[in-house]
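Before anything else, here's the structure in question.
Chain lettering (A, B, C, D and E) follows the sequence in which the chains are written, and residue indices restart at 1 in each chain.
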Amino acid sequence: MKKIKKRLLLPSFLRHNQSSKKPGQAPGTLLFTGEKRLDNVLMHLYDYDVEHLSEHDISEIDDSKPYLDSPSKTWINVCGLHDIEKLKEIWDYFNLHPLIQEDILHTQQRPKIEEYSEHMFFVLRMMSILDETGELKVEQVSIVLSQNSVLSFQEDDYPIYEPVLHRLRNAAPRLRKQGPDYLAYALIDTIVDHYMKVMEKIGNEIEELEDEILQKSDESIPEKIHALRRKLIFFRRSVWPLRDSLNSLLREESHLVHEENKIFFRDVYDHLVQIIDGIENYRDMAMGMLDMYMSQVSNKMNEVMKVLTIIATIFIPLTFIAGIYGMNFEYMPELGWKWAYPAVWGLMIVATMGMVVYFRKKDWL
Amino acid sequence: MKKIKKRLLLPSFLRHNQSSKKPGQAPGTLLFTGEKRLDNVLMHLYDYDVEHLSEHDISEIDDSKPYLDSPSKTWINVCGLHDIEKLKEIWDYFNLHPLIQEDILHTQQRPKIEEYSEHMFFVLRMMSILDETGELKVEQVSIVLSQNSVLSFQEDDYPIYEPVLHRLRNAAPRLRKQGPDYLAYALIDTIVDHYMKVMEKIGNEIEELEDEILQKSDESIPEKIHALRRKLIFFRRSVWPLRDSLNSLLREESHLVHEENKIFFRDVYDHLVQIIDGIENYRDMAMGMLDMYMSQVSNKMNEVMKVLTIIATIFIPLTFIAGIYGMNFEYMPELGWKWAYPAVWGLMIVATMGMVVYFRKKDWL
Amino acid sequence: MKKIKKRLLLPSFLRHNQSSKKPGQAPGTLLFTGEKRLDNVLMHLYDYDVEHLSEHDISEIDDSKPYLDSPSKTWINVCGLHDIEKLKEIWDYFNLHPLIQEDILHTQQRPKIEEYSEHMFFVLRMMSILDETGELKVEQVSIVLSQNSVLSFQEDDYPIYEPVLHRLRNAAPRLRKQGPDYLAYALIDTIVDHYMKVMEKIGNEIEELEDEILQKSDESIPEKIHALRRKLIFFRRSVWPLRDSLNSLLREESHLVHEENKIFFRDVYDHLVQIIDGIENYRDMAMGMLDMYMSQVSNKMNEVMKVLTIIATIFIPLTFIAGIYGMNFEYMPELGWKWAYPAVWGLMIVATMGMVVYFRKKDWL
Amino acid sequence: MKKIKKRLLLPSFLRHNQSSKKPGQAPGTLLFTGEKRLDNVLMHLYDYDVEHLSEHDISEIDDSKPYLDSPSKTWINVCGLHDIEKLKEIWDYFNLHPLIQEDILHTQQRPKIEEYSEHMFFVLRMMSILDETGELKVEQVSIVLSQNSVLSFQEDDYPIYEPVLHRLRNAAPRLRKQGPDYLAYALIDTIVDHYMKVMEKIGNEIEELEDEILQKSDESIPEKIHALRRKLIFFRRSVWPLRDSLNSLLREESHLVHEENKIFFRDVYDHLVQIIDGIENYRDMAMGMLDMYMSQVSNKMNEVMKVLTIIATIFIPLTFIAGIYGMNFEYMPELGWKWAYPAVWGLMIVATMGMVVYFRKKDWL
Amino acid sequence: MKKIKKRLLLPSFLRHNQSSKKPGQAPGTLLFTGEKRLDNVLMHLYDYDVEHLSEHDISEIDDSKPYLDSPSKTWINVCGLHDIEKLKEIWDYFNLHPLIQEDILHTQQRPKIEEYSEHMFFVLRMMSILDETGELKVEQVSIVLSQNSVLSFQEDDYPIYEPVLHRLRNAAPRLRKQGPDYLAYALIDTIVDHYMKVMEKIGNEIEELEDEILQKSDESIPEKIHALRRKLIFFRRSVWPLRDSLNSLLREESHLVHEENKIFFRDVYDHLVQIIDGIENYRDMAMGMLDMYMSQVSNKMNEVMKVLTIIATIFIPLTFIAGIYGMNFEYMPELGWKWAYPAVWGLMIVATMGMVVYFRKKDWL
């Protein structure tokens, strides 16, 4: 039961069991480390320039030849990473470096940007909030930028790039006019924009957690804070390396990304900096919440102790007095006195009042 | 009720709900993310040189043409960011880069300074203490520096730049003589001076919180410290990126900011460094206060425990003795002895005194 | 008994007793600081090029002469470091710098990469999970890269490089074709891949520890977290310096590592960065778990206190009432009243109910 | 009463109420932010070279003309910053940049070193222990180094530079021979030497606090540690920026500080590094003391709880037994037995001894 | 008594009372800040080259003239720093810069390496474990490297350099052949090797402390951890600056240290990095131990509370029942019933059993 609750708190992408490649495998040994999410590998081809846009679902990579040979820009979005042979065909067709191939398949990859002689290679972690369930969906996404085309790979057919497609179809002038580097920018920007949404959701969670702590601090809160911190660790781990890579990209000369388009990559960089900033702040807040929770627990215990102490301190002496006159000695002169019983009551009332005054002074009541 | 209290502690600008742009929107898609604070977009134009100053409230940006064409310096302060069409006219008139346009509208922007081919663009977060209520007012402010003019944008018509205006009207020599880069400096300096005031206010809050902790440590203190830490996080987040941007500005060549005026920007930089320094110190102090509070709570609990322990430890054995002689056995020789009752009293007094001595030795009394 | 338990938690490689060399010994004074794990020094020689591969177990280093003189690449794997005279022969044969010799023997060496005039020297710490017992095995491994050969040293004959051998025997084209620098890369990559396995194991341990904390938090948990933190410290200490050295290697010109093979070393570097990243995250999580554990202990104590307080607060006053009417005064009118006894019961029930209502309001029940 | 105590702990210089300049004031608007400490502005003029030294108290800055015009070196020490008009005369006479003027008056200035075209400007925070009271005295000190003269400003006439004067009067060869840059060094070195004294005093305070914690940990200790931490924050804030400025000075070419004298500034720099080092260590120690205090409080509470538990656990069962035989049932056969009373005593003694054995085993006694 | 114990924990070198020079003293004012440890200043002279070695104890520095003038290398080891006049003679003979002279005497110097025109100056802190007592001995050591000689200064005649001497006497080839820079390296290496020994000892202390915490956590542990942390702070402070200085030395050109010998200094540098690494790890472990101790204290208190709660919760209700039937009302029908007494016993047994079941369920028993 506890187990189930935990599963809710820590989504599956936080599991540590990265089934990494076996030690010593040759670099370039291809092994898909994710789970199969689609039946077939799907390939969507978009061929466009300022004037026209044509879309095709192709099943063999050779079908893309006429488009790639034409001077227009070509974007091929490949969905599904489980059919290595099929992918191998595509890669060989584009002459991708073995290390690129390995990284596309290895879905626990650290986000990075690498420039090879003919390609620029981007690995990113797509994070999106599913509209229906509000759940977080994590997926590895790779983008290969060539001289005249963009190849993108994703694990399933979730429509990540819908907004870019929309602009492409609506003939957004800059997107149509600029080269494939601008398309690559647009794709990455879409992904980073999704990060913003995730940030917002985490922000809301923090607000709620703070409210919860302020109103009633039940025992599940440390767990929730712990889960939040793990989420933030995971999130930071997905964003931080991308920022670093982008920074290198901005500072270095590249023959695939034009100088004039670098300003857009700089904009993405700024967004990433802002997101990382936010993550650090959220982590600070999470620590602050834990402190607040801990001091509330202390305060509560203090209050419990006070109640016990007040009750015990008032009644224990009274019970002692009653005990005295419950003794059965034959020679206890007080027992025979007529006003003794009311006198004892009086004594008790005075003692109680003294205690109350003392506690008032101590600020306990 | 708790809820209301919290709202007082955490002002609205600390809410996380940054309504960011929708993922995948084209850069340059204009969408105002703040709240409408004015009915109309107001434009105040100031045209000045050493000799003269003329002020105009204009309603169409075309009205500024004669002033901009003249060799005198021109400053246009635009209040209100909700009427995008109006703003679009202004921007197109000044030929602003789409990314500048987007950043002006996106009011959760990270402060930064960016140089474009024709413009230098500053985004800052204005923070001021309202004189009447002592409340903190937060507003995004953008400044666009051109060859011969300064454009400034703010969300409402709060008189941020009053002191600069005052000096302009009083013909402050340096301000009137120097180019628009000096005016930009003066505007930024005014904003940074407001940060100093905010620092002072937070400093006072810390003083008060420390007094409160020393005098009586009620349970709301962790909450207050948490709110203080969030404020400091927000504040640092507003100042830190500006410092970095300014640092880059100082080290790089710029055709819009003259070498001789850089010393003034360096002065602003120094103030920002001092402010960030102060924020870090305040954060350390906030941590220190929490430690102090926590140790006070511990001390209090310790004291409560001691009272309970002293009372219980003295009376529980006495009650036991009384209980003994309250037993109803037929053959209890003591019960018949004449001096038994005073002897029991004596025993009790001795036991109590022994306890008191023990507690004295333990330093509990 | 406790002692034994600890030994299980903290494996021997975490012991601090680094029997370092005696102060003031000349650099180059050869002294083996590990434990003898083999009877004899074993030397395995592999001579290969694209066409052929020949394997030999040699007993004298002179036997390797014909292979070293041939243009094919030669790899000699030396197992066992206790027989210094034998090793000395090998080193002198290869003309190794005295500091290299010292570092090979000093098995508590900090991992590093150093370039000498004729050799490139790598010291690494091999960490592997033994398949049978799941135990962690730690061993120092040195690799000396020369113009045409690779010398590797390990403490015993554990088959670290099995996967590389496998590829060599299966004529993996790149491995056979490339120079000894690629072989060195392959050896190091194999070792780093083992780190990934270790990471995975630690990840599992963290998962289990988290489950344990959530389900029942017994008193051994802080100990376990402490042991985990020590492991992470040790692990980081083994990986961090290697990353730094590799970074230097990548940035500097080297006549032993070819530019075209640097991309592979960069891949290893990326893996190390990812591992260090993961270690930092695990350390954060360990801290988070401790916080969670501590707040659970606090919560439990709170609960214990509540039970005590509720019981004591209800029964102490009742016992007092009973004590009152157990007094033996002659003149206690209530004692003679017929309905007094049930009235006292009523009073007691009412008092109890009042208490219960009070505790409900306080949210203690 | 508490208030007074606090004032003793937190000296006035730690107050946050920095009455900074009003937002938007022109740079160069002169406003003294400290408190008036002297009636008049005092000016001490020292004119010296290898051969001679002449000292004069001048009242008008024009009186210094003959000395400044002579080739000998001139040092003017100005005491008192409240009379802005007088100061303005001096500044204008020396043609100081408006930003220098503003910084001299703004007594909450961050320490810094700035080079202007004709001057090098140093702002430092003088901290000294008053011999009589052992109190800490804080004062802002500015030094303006020109080609042939040194101008120094301080808030009152406290003899900060006494040791330098002493050496000047005793014709210390290097001081007399070297240029004004060496004098500036000597002045700064004197101030930094005072920091050493302050360090020593804080060190003694830490020793005392540690002793106090070890001997008896009364409740004022967290407060004292907090005050100590605030002092260290303030101290670091005074020293750190100076170190940074000095570092820049050492690395850059300057026409006012000669290369051959830089070694002396490097010596000052080393002292500052040592001081900052010490401050960091003191901060670590302060944290350590708090940890030690907190664990002592925990230990004490533990001990209190143990005493309570032992007493309650022994006597509560005994009282119960006594209660049993205090019941008034008519048919309680034990009451009539002759040996029942001693038997009950026996039972009680056995129970007590059992408890004692149990507590011994638990290591509570 | 507590005081004495503390003195044992915190050795005298951790005292803060650095009797620094008086503020404002001229640089070069010579004042010995340590304690006199020897009666006379001792000077040991070693003159050597590949062929010969001659050793002399000289009493006047002039006696060293013939050796210094000869082409062979000369090492003079000076023991004792209290006789400033004698030292002054030596320094003047070697023409040492006044700042060097001051630093040799000021025994609380921060370790550093400084290059002057004719000399390279090393200040180090010697730390060694005395074989007899296991105590830590701290001493400042200075080394002055000249073109053809090495001057070393130490506070007493403790044989720090024994191992170097041993190698010198045994005609270790490299030491005899290389120049004085190699000798300086050998001396420093000896000192750094002693640090390793100290590390080992601290490591053992940590092991012991961990064992102690695991077995029985008595109240002196926080104190011991605090002392350990102070030791580590002191140790780091002695090593860290040396590492930095050495790093600068390695990167800069020097006419006193030959390029070919730099590899040996790099080796020392590596050792220092390893030591600092270890210190950081020890500090982490110390923090971990404190956390572990604190959670054990919490656990213990929890256990104490549980025992109290169980006893009180079982017996308080029973005592109440006994109290009820101890009341003396005339009309209490139960008192006359024959089976009432056993029935009460039954009730009590049932209540107790219910409690036990409840505690079992709560996992308290």
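Everything below uses one rule, namely that a contact is a pair of C-beta atoms (placed from the backbone, for glycine too) under 8 Å apart; a residue touches a chain by one contact, two chains touch by 3 or more.
Labels paired with UniProt names: A, B, C, D, E = Magnesium transport protein CorA.
None of these values were measured; they are calculated from a predicted model.
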item	value
Cα-centroid distance, subunit A relative to subunit B, in whole angstrom	26
CA centroid of subunit B to CA centroid of subunit C, Å	42
Multi-chain contact residues (two or more partners), subunit E	294, 298, 301, 305, 308, 312, 316, 319, 323, 326-328, 332
Chain contact topology (line, ring, star, complete or other)	ring
Successive chains around the closed ring, taking subunit C as origin and subunit E next	C, E, D, B, A
Contact set on subunit E toward subunit D in their complex	2-3, 6, 15-18, 20-28, 97, 99, 110, 112, 216, 219, 221-223, 225-226, 229-230, 233, 237, 241, 290, 293-294, 297-298, 300-301, 304-305, 307-308, 311-312, 315-316, 318-319, 322-323, 325-328, 332, 334-338, 340-341, 344
Subunit D contact footprint on subunit B (complex, rising order)	161-164, 166-167, 172, 174-175, 186, 189-190, 193-194, 196-197, 199-200, 203-204, 206-207, 210-211, 214-215, 263-264, 267, 270, 273-274, 277, 281, 284-285, 288-289, 291-292, 294-296, 298-299, 301-302, 305-306, 308-309, 312-313, 316-317, 319-320, 323-324, 326-332, 363-364
